[in-house]
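The chains carry the letters A, B, C and D, assigned in the order they are written, with residues numbered from 1 in each.
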Amino acid sequence: MLIIKRISYFMTTMAKGIASNLYLNVVTIITIAVAFLILNIFFVIYRNVNAVLEGWQGRIKIIAYLQDGVSSQQVSAIEGQLKKYGNIKGVRFYSKQDALSEFRRELKGQAAILSGVSQNILPAYLVVMVRDRVIRNGTVGKLADSLRGIQGIADVQYGQGVTERFSEMLVMVKMLGIGIGGFILFAILIIVSNTIRMSIFSRKDEIEILKLVGATNMFIELPFLLEGVTQVLCGTGLSIALLYLVYRFFLYRLHHAFGSLIVNAHIVFLSGGTIGTILVAAAMLGFVGAFVSAGKFIRHND
Amino acid sequence: MIQLFHVYKHYLKGSAALEDISLQVEKGEFAFITGPSGAGKSTLLKLMFLAEMPTKGQIIINGYNITRLKRSAVPFLRRNIGVVFQDFKLLYDRTVFDNVALSLSVIGMPKKEIKKKVWEMLKLVGLQHKLNFSPLRLSGGEQQRVSIARALVNEPAILLADEPTGNLDQDLTLDVMKLFEDVNIKGTTVVVATHDKSLISRYSRRVITLEHGRIMEKQ
Amino acid sequence: MLIIKRISYFMTTMAKGIASNLYLNVVTIITIAVAFLILNIFFVIYRNVNAVLEGWQGRIKIIAYLQDGVSSQQVSAIEGQLKKYGNIKGVRFYSKQDALSEFRRELKGQAAILSGVSQNILPAYLVVMVRDRVIRNGTVGKLADSLRGIQGIADVQYGQGVTERFSEMLVMVKMLGIGIGGFILFAILIIVSNTIRMSIFSRKDEIEILKLVGATNMFIELPFLLEGVTQVLCGTGLSIALLYLVYRFFLYRLHHAFGSLIVNAHIVFLSGGTIGTILVAAAMLGFVGAFVSAGKFIRHND
Amino acid sequence: MIQLFHVYKHYLKGSAALEDISLQVEKGEFAFITGPSGAGKSTLLKLMFLAEMPTKGQIIINGYNITRLKRSAVPFLRRNIGVVFQDFKLLYDRTVFDNVALSLSVIGMPKKEIKKKVWEMLKLVGLQHKLNFSPLRLSGGEQQRVSIARALVNEPAILLADEPTGNLDQDLTLDVMKLFEDVNIKGTTVVVATHDKSLISRYSRRVITLEHGRIMEKQ
């Protein structure tokens, strides 16, 4: 087939095209790199905020205070009952003694106020860890209420109000994330298709002349498609390189300085697989952008 | 063979450029189109290689009715037609070599063959030493000869030349006309649009005279 | 002067230029609008994160537990002493009785554990509100230590560790804010100067011809400068309109839904003054971008 | 008055375009520059209106030594020189009217006056009815006449015309030459580069012949 046989022609034509429009191409590549970099930085921020929230979420639990004087058999029975709930991840028992030491630990430093607290005044309790989906659903309250009915449980606490707020906050961050991320992606698409259009536009004489000497649309288009793909690939590659620098000299250090405070998960650089996916997606983006622009100026212009 | 039957051309804005043109140029013929500025010479040539579509009438080129041709077939028809444009239509960001090679590249000719053919063609128009120049660096006449070289390099069945000697001195004009006669002898149909009366009178060929978009006389 | 006399010529030439390059101009304006919008959205996010942190910061205080049996005169004396500190905003006294009701309030819902707590076991204390600069400086600990020496004060608590972290976090958010904001601004500058350059580039024939018929550089440049200013103004105007839509239909609603949770300050739309400032800055940006590009293609090309 | 003293022009790439040119065209003179394609005619004209700088030598136009001229003075010198370019150099996104008005706009002439002058000028070259067309919609010869109109509309002291009749038929060529003679009689210095021997022989004017960048004969 002609296309395959002439692959070197298309490559050199593309290269010449890039060389003859070097300034435009460099600017295009930098613009794409900058846009992708913004997207990536935003992605990192989003992931970290999300990680913080998910970390908080892990701490949401239901506390079931036991009636005074329940026997250890009764406790086991209650535990067994709770473990059958699909929405409960685990249960842990705190005896009256444990409760006091926990209380001491929480109020550490304010030793003065503890002087009058003896073992007897604190009830034993169970800490019930719930599955994430319950938190995301916002049905922690429902679950807690259902525990209230169990024989031997005196009272149920679950940080009323706060859990619902966490679910709402998670949803909100996700919405904002999708909203802003999608918006930036859209901006990149506009910029990419704009610059590729400019590139084709700046060579409309060439397109006209090629048509006049009998070139098929495919023949005219291919170097532009290659150019589009090359531009976006270079831009993306550059942005990944830049991102690595940002990561290496800024985020990475930040993490070491304040890591434990802000992020639960490590801040890690993109994995090889992710980079591969990004590059393939970028190539497709370039191709589609160039194809659409080429369609406007080449195919619909006979 | 080129046949036109009652062809009209009205541009969107402005008056009729061609009115009721019927003519036939036989395969292997050599014809001049002449007439004053604005008579419709360029328009007539543009219709013949599908740069413009007629408003009315039928045009048949090499047996194809081009008013009915599928879009995708246009490039293949054009490959049989070499055109010298009045305004040259060269690529100023390519070399002279690349410009001439264009007609061969589009049909997928191997590089080596292209090189040989282009060099020979440039030699015929006396520009082999300006091979690697951009047309920007050429004089008006030199650019016109590049345009001629590009039109002839793929040995087309039909040659359409619009004012091909407007920027050439007398010696070069004779050279170029000799070139056209040579390809004509080898079987190429040649149609030359020109306002140069002395050129026409030097060669006793068929002359189609246009005036205000109409054919005045045939000979 | 020629320039003044021919103002209508420059305006119509600019208008013709925009009209003849309508596509390029529309794309330019949209690109600028998108870039500014990203900057603005980022600005809103930054302001809110900052507001949350500042809100937290307001809650940082030093608690000075008083020795048992200090008289009310002694308390007044201590209060008087503290108020002389430049870094202390205010002092509030909590008697033993107050301390118990506060404690009850804090542990509300866990009534069970309070049964054994009597008025006597809790000490009276002073809540010392510190000035913001102390928190920003991270010198809360120092201030607390200096209070320890005061006669009548038994112990000083100030949420050790947490205050330092807040200062660090504030610095970090500010750094990230400046870094990313500056980066986006830089990206906008690249995009703007790129698009204006393209606009001039696409009319380089015109520039050449104008020079050949004897136009001065000023005469050639002015319509381009006007075009650059117009482009950026339109783009910015559009972005402010878009921002208003985002604000009206997204942020504003969000605020009403979760407001109290995420932001202390209201999310308000840009003030008239801010919009004015932005437009003036945008006009200058367009002028500078066009001027630089024009310099490259017009002045340095004789 | 145009004076050249031992002027050389070497383009960056390629051989010398002009070598050791010394000549003088008096105020009010009418001179032809001729020679084969690539001889250096266009280059010589380009030097005269500062589109190119000489590699060596001195050029004095209207008393100004242009090799020593400040950059900012160039536009003001150019306003006294009308130029007809071999490749027309028209703005294809403006109308014919706007193209011709360009030379007047740049000197800040009031709109009303511009309108009158442009209309009169277009009438002289027979294009008053194509006022609002883009040059894209004009034939080759019509474009050339727009270029001529633009060069003459501000009544320059010097007219440089590069192949001004290459796309014109005989009648129009005579019209244009009549126009040039008229402005010449009114005092304008006219220099016309052409390869058209018949044109030169029809008018008994001074002829400067170039060949390979050198002056061959003066008369």
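Here is the rule we use: a residue touches a chain if its C-beta (ideal position, glycine included) is under 8 Å from a C-beta of that chain, and two chains touch if they have at least 3 such contacts.
Because the structure is predicted, anything quoted here is derived from the model rather than measured.
Path length between chain A and chain C in the chain contact graph, taken as the least number of steps between touching chains: 1. Most remote from chain B, judged by the distance between CA-atom centroids, is C. Between the CA-based centres of chain B and chain C the separation comes to 67 Å, rounded to the whole angstrom. Rounded to whole angstrom units, the spacing between the C-alpha centres of chain B and chain D is 29. Rounded to whole angstrom, the centroid-to-centroid distance between chain A and chain B, based on C-alpha atoms, equals 61 Å.
Chain contact topology: the protein chains form a single closed ring, every chain touching exactly two others. Applying the touch criterion to all chain pairs gives A-B, A-C, B-D, C-D. Residues 11, 13-14, 35-38, 41-42, 86-87, 130, 133, 137-142, 145, 162-163, 166-172, 195, 197-198 of chain D are the ones that touch chain B when the two sit in their complex. Interface residues of chain D, counted against chain C in their complex, comprise 49, 51, 71-72, 74-79, 81, 83, 85, 89-91, 93-94, 102-103, 105-108, 111, 150.
Listed in rising order, the residues of chain C touching chain A in the complex are 23-24, 27, 30-31, 34-35, 37-38, 41, 45, 65, 103, 109-110, 112-118, 120-123, 154-155, 157, 160, 165, 168-169, 172, 176, 179-180, 183-184, 186-187, 190-191, 194, 197-198, 201-202, 250, 254, 257-258, 261-262. Per the touch definition, chain A reaches chain B in the complex via residues 2, 5-6, 8-9, 16, 20, 205-206, 208-217, 219, 302.
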